[in-house]
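In what follows, a structure is listed as structure tokens, so that the remarks can point back to it.
Chains: A, B, C and D, in written order; residue numbering restarts at 1 for each.
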Amino acid sequence: MLQSIQKPYLLNKKTLNWREKLHEVIYEADTPAGKLFDIVLLFAILASIILVMLESVEDFDNKHHDFLYISEWIITIFFSIEYILRIISIKKPTKYIFSFYGIIDLLSTIPMYLTFFFVGTHSSLIALRALRLLRVFRILKVSRYIGESNQLIKALNASKAKIGVFLYFVLIICIILGSVMYFIEGADNGFTSIPRSIYWSIVTLTTVGYGDIAPQTALGQFIASITVIIGYAIIAIPTGIVSSEMTKKEVHLNTQSCSNCSYSGHKDDAEFCYHCGTKLN
Amino acid sequence: MLQSIQKPYLLNKKTLNWREKLHEVIYEADTPAGKLFDIVLLFAILASIILVMLESVEDFDNKHHDFLYISEWIITIFFSIEYILRIISIKKPTKYIFSFYGIIDLLSTIPMYLTFFFVGTHSSLIALRALRLLRVFRILKVSRYIGESNQLIKALNASKAKIGVFLYFVLIICIILGSVMYFIEGADNGFTSIPRSIYWSIVTLTTVGYGDIAPQTALGQFIASITVIIGYAIIAIPTGIVSSEMTKKEVHLNTQSCSNCSYSGHKDDAEFCYHCGTKLN
Amino acid sequence: MLQSIQKPYLLNKKTLNWREKLHEVIYEADTPAGKLFDIVLLFAILASIILVMLESVEDFDNKHHDFLYISEWIITIFFSIEYILRIISIKKPTKYIFSFYGIIDLLSTIPMYLTFFFVGTHSSLIALRALRLLRVFRILKVSRYIGESNQLIKALNASKAKIGVFLYFVLIICIILGSVMYFIEGADNGFTSIPRSIYWSIVTLTTVGYGDIAPQTALGQFIASITVIIGYAIIAIPTGIVSSEMTKKEVHLNTQSCSNCSYSGHKDDAEFCYHCGTKLN
Amino acid sequence: MLQSIQKPYLLNKKTLNWREKLHEVIYEADTPAGKLFDIVLLFAILASIILVMLESVEDFDNKHHDFLYISEWIITIFFSIEYILRIISIKKPTKYIFSFYGIIDLLSTIPMYLTFFFVGTHSSLIALRALRLLRVFRILKVSRYIGESNQLIKALNASKAKIGVFLYFVLIICIILGSVMYFIEGADNGFTSIPRSIYWSIVTLTTVGYGDIAPQTALGQFIASITVIIGYAIIAIPTGIVSSEMTKKEVHLNTQSCSNCSYSGHKDDAEFCYHCGTKLN
């Protein structure tokens, strides 16, 4: 019987084979060994990101090149072992390999091995740099450890369509505005092409305002002023969308109505009518 | 009888004359042909916008001038045919011609023909460029295919008056602030005239902050700091307006009106009128 | 009897003396003459503001100095007549003279007369410019004609205390941050004094970001990044304050409970219980 | 008996010893002497902050060095006396000394004394400047007098976890974006290292936009445009979090719990438990 098999599984962990033990350590976090594994991994990821950053700072790379190179290899080998263990310990390896985190985990180790094989050819230096940068995506592995993000993602998902329509309107305004400013200001004032003018209008309407391109003519400044004020007013829209979506979440009232007294506005998890006590269907 | 005429109309589409068939394809999207037409049109619009943009990039225009010129003519002729078909297939052509989209559709084709006639005269080059840019407004034709935008536009319409008053106050603050800064900073620090100072105060209050004009004197920086903090606090107002407008739907007041006193705005679970105490149905 | 005096006053306007007629035209807007007066005044104010602006544009002033000078005198005399008529037609002139709009109205005319008397002395040119600029405050006279602004001002008033506390915290963060950056970056990177560093931190935290002063050292950029992200998160606070204040206004439900069935959540203007129909006290 | 001891304490203040009197003046604000003490302290703090600021303005410091030096000593001695009195008058001095305000109060006085001892050594000038700047933290002492800040802090505390997750996502986006832009733009366009690129992406995504680093290539500007628009949409999230946290008070769920199943979160007008149908009291 299934019950008689599972019970010893829960009571006596020593009877688990090494594969099941590994799975528990790597994929779960409710045993001390599992927690330790997660924390070690977290620090390895963060150390790895910091290494990629330091490598890009020329002065630091020149002085400590060997240290960075050796550290990077240690972390790469560590991630490789983790990747192999994950494949071994799971029952359906293909499910893990082609999952989002499976691909991220693979991409975390491959670039370093590739740089090893191509190290002889000098001409591929730039391609190498790109490969190395892929290691930055290891930061995504951290997300595995964040449980509270679900609510945020839900709220975003719920308001996805409205935000999409909003962004479409912003884009239309930016394209028209960019074209108008390209004509008014012209190449002499930095608006050298329509795509560049649209870049300016996006940077302006979102209130970033670098200042690398700025209107110089009186008419251009007048139009920019109006744009900016419009942008100031419409920045309220996405906020309103998400706000109303999030306050809606807090009010767990549905539109179901009681079959006995026809009262509505019950909580989502209500089983009985709050007015007459009749069982809800 | 009307009923006996309409039924075959619905059942047997082959009895429709070519005009009615065209109308269905062009104006509706519930037949395969209608959907295909809409998708083709959508891609033509986007291709057209990309062409206008590429044309404005000087390097690209120099290399691929012929390609751009021919593509533009193909799209223009396509839009012309669409425009003519729309006029032919509708029962009241004037209603379409003078509608918003009718005017946009006409403006999408005319500029190219005008450039054809004026191509000989060199002096009208700038006017030509302006005409060509009108084609960018074709992007507005895309809006036809967005159904979900209604809710956004409703929320904006409902808070139109409040946002108007808000923008008026922002404008008053900007005019007064601009004048004060013109006096404090003066022409030497870039505040060459009051309109230009107002342009600066708008760019600052909306937190865009290009930095092409920035206060240089201690007093000017002090006033700018205060302004910016005020702007930071009042940016909340339009957001509050739209948010409250969007969450208002959540408030459980329905539009039912009392049969006795005709008061409306009752709570969803109200059984008696809040004004006269009559039982609501 | 009072009643017998007032009735003919309302029915037969011809019996009003010229003072009462004037009062109706100037202070009220429910007669055709009153509306016309308001519209003429509105255009005079806007024309006056545009004149002040154009005067500050050097090129325009050089070309059309006489036109600007004469126009300004016409408008000043018009405003002077309006001011005198307002004093004459009201029963308690002192009440108007010392009211907000009374002072604004006086300040709208005086500067021009003062420039007339001091025109001989060349050394007082700068003081003259300041006086002339006072005319910009005429824009405040427009507010008289905006009825819908009450709700906005009420919402602002209601959240005044909270926004004050919020601004105090922002200021404390800015002072401490400015001092820290003054020490880290120093005078060589543009942070020449603590007040200037505080100016930078205000401009940064409010996401204006001119770029006239920007951190140059790695540590400074690191601290600026953290600041900016904090600022990005706390910009939500004033918005939340005003939003919740404004949504509160829309929900006209009070906490009064029915004496018969003790249901609460009645609308503010409810006279009868929405649940049992009992008269509310 | 306790009661007979306390009553004369409340009625006859003259029987208090000098320690209890001091405690009342320093720690409480309900006697005229206590209020006066608080106001004097407030002005001393503000004066002290302005002194630190003025000291950092080189021109002012050169002219009025002696005035600044003497004023600073007067204020330091005043704060020292306050610190000693606070220790003497409290029953458990260690509780005050190691409290947040106790440490701030100590740090407010120490730097000046340290500059006195190290005044001979020229090489420690920079360390001195740092010590002096610590006095800016005196501004935190003002918070003691703000009672209304509790609600704001509560709302922030309640949405702490969500804002934390939000900031983590922003950081991940910034790290990945910074790395991508470092590869696309490269050192020639100002993106000299990944940390610097991340600094740029933070400044951009938060819509600050200094403009000290700005994308120069077409591809970089295209990615920057997309980033900025995403940032424009997600700025709504923290606002939504705080707004919903602040409006939650409006939601009509009370904390009453069912006597049968102990479920809580019932609607204000609920008569029966929504979970088990038991009549609520």
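Here is the rule we go by: a residue touches a chain if its C-beta (ideal position, glycine included) is under 8 Å from a C-beta of that chain, and two chains touch if they have at least 3 such contacts.
Values in this document were obtained by computation on a predicted structure and should not be read as measured data.
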- Message: Under the over-half criterion for shared residue numbers, do copies chain C and chain D use the same patch or different patches to meet?
- Response: different
- For the chain pairs A-D and B-D, which is connected through the larger number of C-beta pairs in contact? A-D
- Note on the structure: Note: chain D sits from chain B at a C-alpha centroid distance in Å of 43
- Message: As a quick test, compute the distance in whole Å between the mean CA positions of chain C and chain D.
- Response: 31
- Note on the structure: Distance between the CA centroids of chain A and chain D (whole Å) is 30
- Check each residue of chain A and list the ones that touch at least two other chains. 166, 195, 198, 207-211, 235, 239-241, 243, 247, 251, 265
- Item | Residue ranges of chain B in contact with chain C within the complex | 161-162, 164-166, 168-169, 172, 175-176, 179-180, 182-183, 187, 192-195, 198, 204, 207-211, 214, 218, 221-222, 224-225, 228-229, 231-233, 235-237, 239-241, 243-244, 247-248, 251, 253, 265-267, 269-279
- In their complex, what parts of chain B are in touch with chain A? 49, 52-53, 55-58, 129-130, 133, 136-137, 139-140, 142-143, 146, 148-149, 151-152, 155-156, 163, 166-167, 170-171, 195-196, 198-199, 202-203, 205-212, 235, 238-243, 245-247, 249-250, 252, 268-269
- Would you pull the chain B residues touching chain D in the complex into a rising list? 207, 209-211, 239, 243, 247
